[in-house]
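Step one of this worksheet: look at the structure below.
Naming follows writing order (A, B and C), and every chain is counted from residue 1.
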Amino acid sequence: MAPFTTVSPHASTSVDAALKLMTLKVMISSRTLESKLSSLYKAGKIVGGVYLGTGQEAFSASLGCCLDQELDIFAPLIRDQAGRTGFGEPLIEATRTYLGSVLGPMRGRDGNIHRGRPAQRRPAMISHLGTSVSLVAGMLMARRMRGELKGVVGATCVGDGATSTGAFHEGLNLVAVEKLPMVILVADNQFAYSTPRERQFACEKLIDRAKGYGVAGSEVDATSLTACLEVISGAVQAARAGEGPQLVVGKLLRLCGHGEHDDASYVAKRLRESNLGKDCLEVGIQEVLDEGLVSEREINEWKREAAERVQEAVAAAQKDPTPDPYQEDWKAVSEEGMQ
Amino acid sequence: MSVTYIDAIHQAQLDLLKERDDVFLYGQDIGSFGGAFKATQGLQERFPDRVLDSPISEDAMVGMAMGAALSGMRPIVEMQFADFSSIAFNQIVNHAGTHFYRTGVPVPITVRLPCGGTPGSGPFHSQMVETLYAHYPGIIVATPATVSDAYHLLKQAAVLDDPVVFCEHKFLYRWLKTEAIEAEPLPLGLARIARPGKHATVVTYSAMVHEAVRAADRMADEGWEIEVVDLRSVKPLDTDTVIASVARTGRLLALGEAFPWGGVSAEIVSRVVAEGFHLLDAPPMRLNAKDTPIPYHPDLWAAHRPTPESIIEKLRELLNL
Amino acid sequence: MPSVPIIMPQLGESIAEAKIVRLQIAVGAQVQADQEIIEVETNKATMAVTTLCGGVVTEIRAEEGVDYPVGSLLGILEASQEEVARTGAPVIGEQKEESAPADKEEVNLHFRQTDKSYEEPKVVEPSVKGLPVPAGMKGAHYISPRMRARMCELGLREADISAIVGSGAGGRVTVDDLEKFLDYIADWPHSAASPMRLAVADAMRRSWSRPLATVGLPVVLDAVLAHRAQQSPKPGLTLYVLRAFAIALAEEPATAGFLIGEKIVHPRAFDIGVAVQVEDGVMVPVLRNVDQLSVQELTEEYGSLVDEARSRRLRAEQTQGGIATVTNFGTFGLKWGTPIPLPNETLILGLAAGIKKPFWSEAVGAFVPVTETELCLTFDHRVVDGGGAGLLLQRIAALLQEPEKL
């Protein structure tokens, strides 16, 4: 029941209209789903935490939509609901994981955004930032060893905070050494939880690091859907064409707390009202309206449809069985007798 | 013609590369240089695409291996020294170790850890780390003590579907020899009676098996028959064989080269006391290395880890209870 | 109409409660799904509580300015069946279909979310059961490893603490009880026990672990005494009894058997010990092949063994290998006793003092004086029963009436 399919991932750099509209549709779906998840959390239905990507949808969805769902690898992080949806993750996987359904991909054993289906080239992230960079590198190197790398792109997303980890550095360096067809998105969203970027790194721009690692780099105003699609589709195509790793830094502001337990009161009003604080969803809608690609009525119809689909996914997941500790096998290894 | 412990590890990797297209080796200096201990000598020449040098990035090495494993390969990662696996700790325990339980998809990686002390290696090239990895769910920890086990356990590890931390002891690399590798391997997960006895049981693994057997040989001159159990893998831990041995002898000494706080020897005592309290004639005892970093000077080093002398002393105490 | 709960959410991983800042709805209010209806404050963050579905507020159970624990029921909505179906919202009093059977309601989770509140589970059953640990015995019979260690340190045995009333679990004697008892007796007069005393104590303690019983039979000794008077040197009276005992046992060897597990271990030879009182103890030299040698043949050996025992010159092997013992406590004038067999023997035969008694003789037609004694046999009742012991005594008594055959 994948609601979205990739449109022309191999298209030319000039962003075609169908891709843009589909990406916008993905953004609307993602925003709608995340608002609902927030609401369920605040009504006491979701335990643990809810982590949203509000304000990062254009950046994340552009990557998900530019990748080939049948071939590529996508390792998202916590603010990539839009990218996940764009890469074909069904909504029900999100609601089932958040609500602890045994029918979801994590079966109540892990929750919220820690979900994935590795067999479908969607690794399940862990909380430790930067670990997915080398993971995707390994998935690509396996293909290279078997002679199956041609035309495949691996992609992962991190935030500005993750760039401070050893794992990110080790991973990106490895990707560069191996010249892998990989796209690494850094959402420079100004805060890692509550820590501002000045306390996270000292270089003027994160993209300056690309040269240091020996990878191609580009920076984009991530509040603009058009800009995001242009830069990210370019990066994906370059990687696919054998031009090596691509580091893309998106400039934006996280428009939510670190999680829904966090009211983000530490974000200055000045910053929220700056260009960085623009809502990419509103900007994206305006962009497609300005280009005359779609009418306002159609967009409202998309929103209504998204709300309906999200509601269905939530209602379905709530009816699912939850894990039974008495039936749980408590097995941490697949081999018999090895625990 | 004799085979050393390091020869066995080399041979196992060569055979795996020959027998299976999905096996590859990854590590620092393992390519044309052949590895810091020559465990991969000449292998890159024969398998240039499947014996790869890595950057000095232990975290990324394991992350990469895990990604490759999820894409159908069976990587064997060589840590230059077990001590450096601390950099890869997160990838091993949190990423690979949790993966099967979380997703239902196993991660068939093998991480080779050259561990344990040799004289003069000092605090950062001598450590035993099996306890750390055994503590975490989802990881198998093999600790071969013999040449044949070094060969067979590595071959078994590489084809298991789950992450295996393979603790190979550096002191045994060239010191331990055998005429030929045994044809019939014991499966991973079963312990072995290294030396039969009836007065007390020493449960141990890796290089300490040899120190325990030496201690037992010397005590045999005085009429004491000491049984030595070689665990072969500390996870899974073959509790049945341990309990059966304690049932025969009534006395237990759990021996390890690792640091003394917690750990495998404590786990053995805990299991025996919990499941076999009624089998004991005396309180179970433990002997481990000292609770300091591992010293550089050979004389200090030799006194830091258990020796036949300290094992005998401990056994005498145990036999007098 | 289904009732849907309004619950205090878990707003943060370490949050246990939150304060209601403002109620944005009143009873009777119409609300939409996902509507923010209550403003709450946790440590520093201000958040909103939302509705799970649309409906009418029928009850508010919370007040502004008050803290409520996570999971508290803050109010109730009434919603239509269609709205509940659309949103999948939980309904108060309606059980969700669970994969677990209903009798497994209590589960091993830190908190159990129900539609009403979060409750701590009452009982958590262990999922894995260990082997049984044999620690259920009560009273002084059970000595904990700690107690046993203290006893070893003091050189005490179980019997030594029999006088102590335990205050521990199930009446166990605790280390504290022991120390108090030792303090209590510290000022009493005392003397050191000799090695011989301790050796006897140890043997008797080990022997006493078995169910011992004693039976007795009077026997007339005149035939033996008459026979003895004609011999030179004169054999001891005990030697006649020893010899009769050995012959009787050789006829029924299992009677002297030793029970080990499920086996009766039979005697290999009928070597019988004789208890000899020495200073501060007892020694038991053993006579070999008593069933095969006559009283005359045994006399010399018997005499020298007794002498060596009295002078404490017995070698260890001279006290080993016996299958039963004879003790003549009659030499102390005693008329009845319950001797205790050695720990490695099943039987001990006691001989009491001989006394002159009137005996009706049919031949003489009058009372005549006879010398009578009591034979007392103590046996391990696991091996021998009262009947078997009685037959054995009868046989010994009969043999003693024909001393020339001994």
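The criterion applied here is as follows: a contact is a pair of C-beta atoms (placed from the backbone, for glycine too) under 8 Å apart; a residue touches a chain by one contact, two chains touch by 3 or more.
Note that the coordinates shown come from a computational prediction; the quantities given were computed from them, not determined experimentally.
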item	value
Middle chain, criterion being Cα centroid separation	B
By count of C-beta pairs in contact, the leading pair of chains	A-B
Chain centre separation in whole Å, for chain C relative to chain B (CA means)	43
Intercentroid distance (Cα basis), chain C paired with chain A, Å	67
Centre-of-Cα separation between chain B and chain A, whole angstrom	40
Parts of chain A lying in touch with chain C, wherever the complex brings them together	35-36, 38-45, 47-49, 102, 257, 259-263, 265, 311, 314-319, 321-327, 330
For the chain A and chain B complex, residues of the former touching the latter	105-107, 109-110, 114, 116-119, 123-124, 126-128, 131-143, 145-146, 166-167, 170-171, 173-174, 177, 331-335, 337-339
Touch list for chain B against partner chain A, complex	21, 24, 49-50, 54-55, 57-73, 75, 87, 90-91, 94-95, 97-106, 137-140, 160-162, 188-189, 235-236
List of chain C residues in touch with chain A within their complex	6-13, 15, 33-34, 36, 42, 44-52, 70-71, 85-90, 96-100, 104, 107-109, 113, 127
